[in-house]
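As written, the chain order gives the labels A, B, C and D, with residue 1 at the start of each chain.
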Amino acid sequence: MPNPDGDLILRYPVAERLAHWTIAITFIFLFTSGLAMFHPFFFWLSSLFGGGQFMRFIHPIAGVVLVIFFYPYAAREWRNNRWLPVDSEWVRKMFAYMRKEELGLDTHRYNGGQKLMFWSMVPIIAVLFLTGVVTWQPWFAPTFTASLRRIAGLIHATAAFIMFVGIGIHWYAAYWTKGSIRAMVRGTVTRAWARFHYPAWYREVTGKDQS
Amino acid sequence: MDVTRRSFVKFSAALGAGTLTGLGFSAKRALAEVRTFKLERTSETRNTCPYCSVGCGIIMYGMGDRAKNAHTQIIHIEGDPDHPVNRGTLCPKGASLVDFIHSPDRSIYPEWRKPGSDSFERVSWDFALDRIARLMKDDRDRNFIAKNGKGLTVNRWTTFGMLAASASSNETGYVTHKVFRALGGVCFDNQARV
Amino acid sequence: MTNNWVDIKNANLVMVMGGNPAEAHPCGFKWVIEAKVKNKAKLVVVDPRFTRTAAVADLYAPIRAGTDIAFLGGVINYLLQHDAIQREYVVAYTNAPFIVREDFAFAEGLFSGYKEQIHAYDKTRWAYELDTDGYAKIDVTLSHPRCVFQLMKKHYERYTPETVSDLTGTPRDLFLQICAAIASTAPAARTMTSLYALGWTQHSVGSQNIRAMAMIQLLLGNIGMPGGGVNALRGHSNIQGLTDLGLLSHQLPGYLTMPLEGDPDLASYLGTRTPKPLRPGQLNYWQNYPKFFVSLQKAWYGAAASKENDWAYDYLPKLDKVYDVLAVFELMSQGKLEGYICQGFNPLGSFPDKNKISKGLAKLKYLVSIDPLKTETSVFWQNHGEFNDVDSASIATEVFRLPSTCFAEEDGSLVNSGRWLQWHWKGAEPPGEAKGDAEIIGELFVRLRALYRKEGGAFPDPILNLAWPYRVARAPAPDELAKEYNGWALADVPDPKQPGAFLAREGEQLPGFAPLQADGSTACGCWIFAGSWTQAGNQMARRDPSDPSGLGATLNWAWSWPANRRILYNRASADPSGKPWDPDRRYLTWNGKKWVGSDIPDYKVDAAPDEGMSPFIMNAEGVARLWAPAMVDGPFPEHYEPFETPLDSNPLHPKVISNPAARVYPGDRERFGTAREFPYVATTYRLTEHFHFWTKHTRIGAVLQPEAFVEISESLAAKKGIRNGDKVVVSSKRGQIVVKAMVTKRIATLKVAGQEIETVGIPLHWGFVGVTKPSYLINTLTPFVGDANIQTPEFKAFLVNIVKA
Amino acid sequence: MANQSLDVVRQSAGMATPPSARKTMVVGKLIDVSRCIGCKACQAACMEWNDLRDQVGSNRGAYTNPPDLDDQSWCLMRFNEVEIGGRLQWLILKDGCLHCSNPGCLDACPAPGAIVQYSNGIVDFHEENCIGCGYCITGCPFNIPRLRRADSRVYKCTLCSDRVAVGLEPACIKTCPTQALCFGSKEDMLELAHHRLGDLRERGFAQAAIYDPPGVDGTHVFFVLPHGDRPEAYGLPKDPRVSPVVQVWRSPVARGFGVVTMFSVLVAGILHYMRHGPLEVPEDKKPEEKKEP
């Protein structure tokens, strides 16, 4: 296990990583099957699920799995995602940040974008789950009126769209910020990486200042 | 080319599909095949609905073309369009005649209940018919009234009765009546009485 | 039916009372709808329930079950008071002008000639007054005080709209609307057709119900007219056929009647059945009775029936009384029957007072059930819990259940209500070891004959000499039997009109009943079916549906008895001079030499109008009977309460409440409930999804109507605290059933004689064997009493009580 | 009126437009409620022709058996007793798919080829392509399709597309004893309906009307209602149309836009990456104590 004084610092412990990747894979399951049902253009994806029937069968189950894994994980991490002034500043300078101009913000464990991601995922997944249950044939849908199921269908699609956009950004950001995928896979980051991206977090973890 | 927003969206989507299809992910073409017509090679027989007295004409569709090895089973019945009364229509009973022909309650072999028993047992036709004939003859010989109290020849057998089926054919009715009267029977009726 | 199904489309007014054709005969009812479309016809429905027929009716009126004659009597009174009759028709074609003997009277509910101790009338007291040469006296001005017309007027004066409404519970204005609608068909150009069924027949006054409508139709001149007639919508597919073939205790094929103890020999038998005409020049077709009877005996006994032995007259049993089903089951319950065969019949379900039937069957030595299905009767000895609570061990009856074929598995012909004999063809083999009915009867007969040949026994002659010319003795084939009842010539039959010509050559199938002879030269199993299988082949198998006149006379479709006539008494569709009453419906006209038109004339083809032969060729009077002296309970229909009446007395004549001439067995009189114990009127009936106790064995039928229920009005439900779908106990003096309740607006609460009368409607289709939910047989409730004339049980009006289960 | 073949004009989740050069007869099924005697012959014939055998239920105090449409009962007679103008009316409705010209079920269905609309107007479910999601039930303005639990497929009246394809009329129409059901080209049936309206108005049904709801661009199964002013008394929706929510939810434009936007995020990422390159930790300007690896 890398020690704080060594060259690598532990960013994500194994439990967190496992949770993250479980959610990630479930998300991919959900989204490929969801997309297949969303637009005929993607219906061929159903052949990845052994046909439309099994895909429709597995999609809601995957939704439940997602909720089961996501909310405990979110509950654990919600303190690090509390909104700080630095995050507001980050958001203001987001485009500059994207142009790699404003890179020195004293962000804590997560920067503004990641917190935005967190605070958008929490409600979106809840909405997706609830509207999913309302349209879940044949167990739950019959108990709801047709008009409720119609609205739930629309909201479900819209929420899924927003989530996919969010996750799309999450994917790109992870890929763009070199080292972050490695961090979520291996759990460690280089000292320089930590100090560069999350100075406040670096200090908290290593007890040293920006030396 | 008048590019409306809608066609642009379709175009770009199709473009995407084209590339993917190129990669061998061609979506299965949903064939628009029609439900197959189930009476394609059935054999037709004209008949009359046995239920009510409108006497609707029906066409019975039997599986198979009456080949020797095909045990024809009536799979569908519908109205006879030529029949002047029902003109091809049937009521709910007539429309479900196949369920009478294939009813689980069809009696399919002779059964016999011994006095005092609480269940039937299967018997052969010969056993049943011989025994019934025997019972009838003994009953008739014992109870036949040749002359009444006033010495008038009456030749009647009053201890035996029969109810004839108002849904059986004229031919059955005729031969039933002929035999029943030959036995001197008087307790005789059919559904016309109720 | 006097007319036929398709002819209903010609009606201007369709009167449905005592029947529910939309439910019991849906495909026949198509022609009522066609009448509404083609001639803007009105549909009037009078029924205790708002049935599915009423759902498409223009005018519906509720009525208390059992008061049809009060209603119809009121209509007759209305027609007479408003002179809404077709006078020329009534004078020429009915016995209105006939004069009745002086001492006829009707007082306090009884006609003259009533003998209290035997509950019967001396019908000779209702005869016409005859002149010196034996013809009935008539007064064509209809003014003679004792002419039938005046007697009818006096008899029905009591049926004022107020009295009718008070008795039937039908609101007065609705009753008058219906009377006006009926009266509108008095003119020649408008006709009313009456469609009725068991709603009228299943009463203690059943026959008189139909008589009342026949009188109305005669007053309006609607009999014999296209779109007219009194049309019985028969029940089973071949109930008409078996009635025609005489499978009734007192009948022989072709409506010949069984010898009675009063007919010691052939001469007296034929004497009382070969009437002399009551008016000069009438065809009086029953004068040919001997020809029909001798031909029947030749068909049955062949050579053994000869002139010497009075055509085997003594081979036939002679009746000492009527052995109808009620009489037979009364004998059975007294243990006087040993054997019984139920061929395609389920008496445990379809006869009244099921407990009495069950006890009767238990006293039999042997019972044979021949049926395509497993019926309740075949397992009457088996305990089915509350639905058939019997102790098998104590029932000593030996029971045989023989599987028979169904319609799809046999060739043969059926006669529908319209008297059409239609041939049908076998489409599949029977299941398992099932055999055809004719084959089973043949097998039984061949064995009996063998036993009698070997051992002799009581009076074996009719058995040994029964003509059995069939190719396969134990399995008479349908075509052979059909040819037999059509009849053939045993010897050449010379044509009286043209010497040297022949009506039929030896061995030929007869072309009709005209060639029948009383000298034994012809054999014919059923004279009215003569013409169904002629030398030209099987007329019943004809399939040409063309209807040239457009009036529904499809003469080349199958074959209709008698002589392929499609409307009976169709001579009456033309006035006495031979001109059709209604030019738009030219059915039959006299073209100077003979009668022509779109149907076979029900008349002597070459009898010119001025010869004065009247259209009703079967009656000795030659005309139709408004006055019917042959009825056992009165020449005119009179309102009598059902035997279980909700009222304490009969408002018309308190001293005589129910039908005085009906036969009631002592044991059964005690089993009649009173209004105090059982305050609600009950009536049983069919639904369109089921056919009696038969279609409960079909899955689709069971899906459409799965479980037994009774229908009650909202007010009765409120009074008894019953909610829709609750289980209720419906009880009568004879037993009780537990079923679901359906609370409906379709049963009205009626105001009768100052009281509120509630009706409980009871569909009858369920039982403890079948695919539907197991249930009680509802005839556990019905009274064991029948119609005075024909003993049809009174299923339609009795008393029950109902409480929440 | 032989229909050579049934051409598909629209199918669910269809990408390409099906071949539609041929113009075949457009069918119409008239249900004249004023002639209907509620005998359920159509219900029996439908079950018998399609080899469906529903469960034997129990009596719930009504003539309507089974209580609702379901996967084994594609046609159902509904009975209700109503007092109208002081006169008892027994309103009997033949419930089942109305084969809309603009079917909500087809729009809602995500599975290609599961729902097809033929050129003669019939809307048919091809259960082999159905994925069992039940969106069609949500899309249908008349609440007709029913999901079968045993096989997760949705079923409804097919207007006997198999019979019509070989030139026969549907089973329920052939068997209707009182000609309440009639079949033919839609304009013939509309003409017949207008003719029946005249007769009904003469008999005092001033409000008689044809129920051919424009909300779904008219239906190929339409009614003559004696009480045309109150279709809800019969159990028919007052002014049915494909719900706007469904139209938005399943509109090809919205979904097309959604797909494009979603993937444009990734595309934008790629472009951004090409332009700005990865965000890497800069080389340390101040040397840091190097630790031998």
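Basically, contacts are C-beta pairs under 8 Å (C-beta built on N, C-alpha and C of every residue); 3 or more make two chains touch, one makes a residue touch a chain.
As the structure is a prediction and not an experimental result, all values here were calculated from the model.
For this structure, the chains sharing the highest number of C-beta contacts are B-C. When each chain is reduced to the mean of its CA atoms, the one lying nearest the mean of all protein CA atoms is B. Among the other chains, the CA centroid farthest from that of chain A is the one of C.
Rounded to whole angstrom, the centroid-to-centroid distance between chain B and chain C, based on C-alpha atoms, equals 26 Å.
The distance from the centre of chain A to the centre of chain B, each centre being the mean of the chain's C-alpha atoms, comes to 66 Å. Averaged C-alpha coordinates put the centre of chain B at 35 Å from the centre of chain D. One simple way to say how far apart two chains are is to compare their mean CA positions; for chain C and chain D this gives 50 Å. Looking at chain B, one finds that residues 13, 16-17, 27-28, 79, 86, 89-96, 99 touch two or more other chains.
Shared interface positions of chain A, i.e. residues touching 2 or more other chains, are given as 39-41, 43. Chain contacts: chain D has residues 14-15, 39-41, 43-44, 47-48, 112, 129, 177, 256, 259 touching two or more partner chains. Put simply, chain B touches chain C in their complex at residues 43, 45-57, 60, 62, 71-74, 79, 82-87, 89-97, 99-101, 103-120, 125, 128-137, 139-141, 143-144, 146, 148, 150, 152-179, 181-194. Those residues of chain D that touch chain C in the complex are listed here as 34-41, 43-44, 47-48, 53-63, 65-66, 73, 81, 83, 88-90, 92, 177-179, 199, 202-203. Residues 5-6, 9-10, 12-14, 16-17, 27-28, 30-32, 34-38, 76-79, 81, 86, 88-96, 98-99 of chain B are the ones that touch chain D when the two sit in their complex.
Residues of chain C touching chain D in their complex: 22-23, 26-27, 29-30, 33-34, 36-37, 40, 50, 52-56, 58, 60, 688-689, 699-709, 724-726, 740-746, 771-773.
By the touch criterion stated above, chain D contacts chain B in their complex at residues 5-8, 11, 14-15, 18, 39-41, 43-45, 47-49, 51, 112-114, 116, 118, 124, 126, 129, 158, 161-163, 165-166, 171, 174-177, 252-253, 256-257, 259-260, 263.
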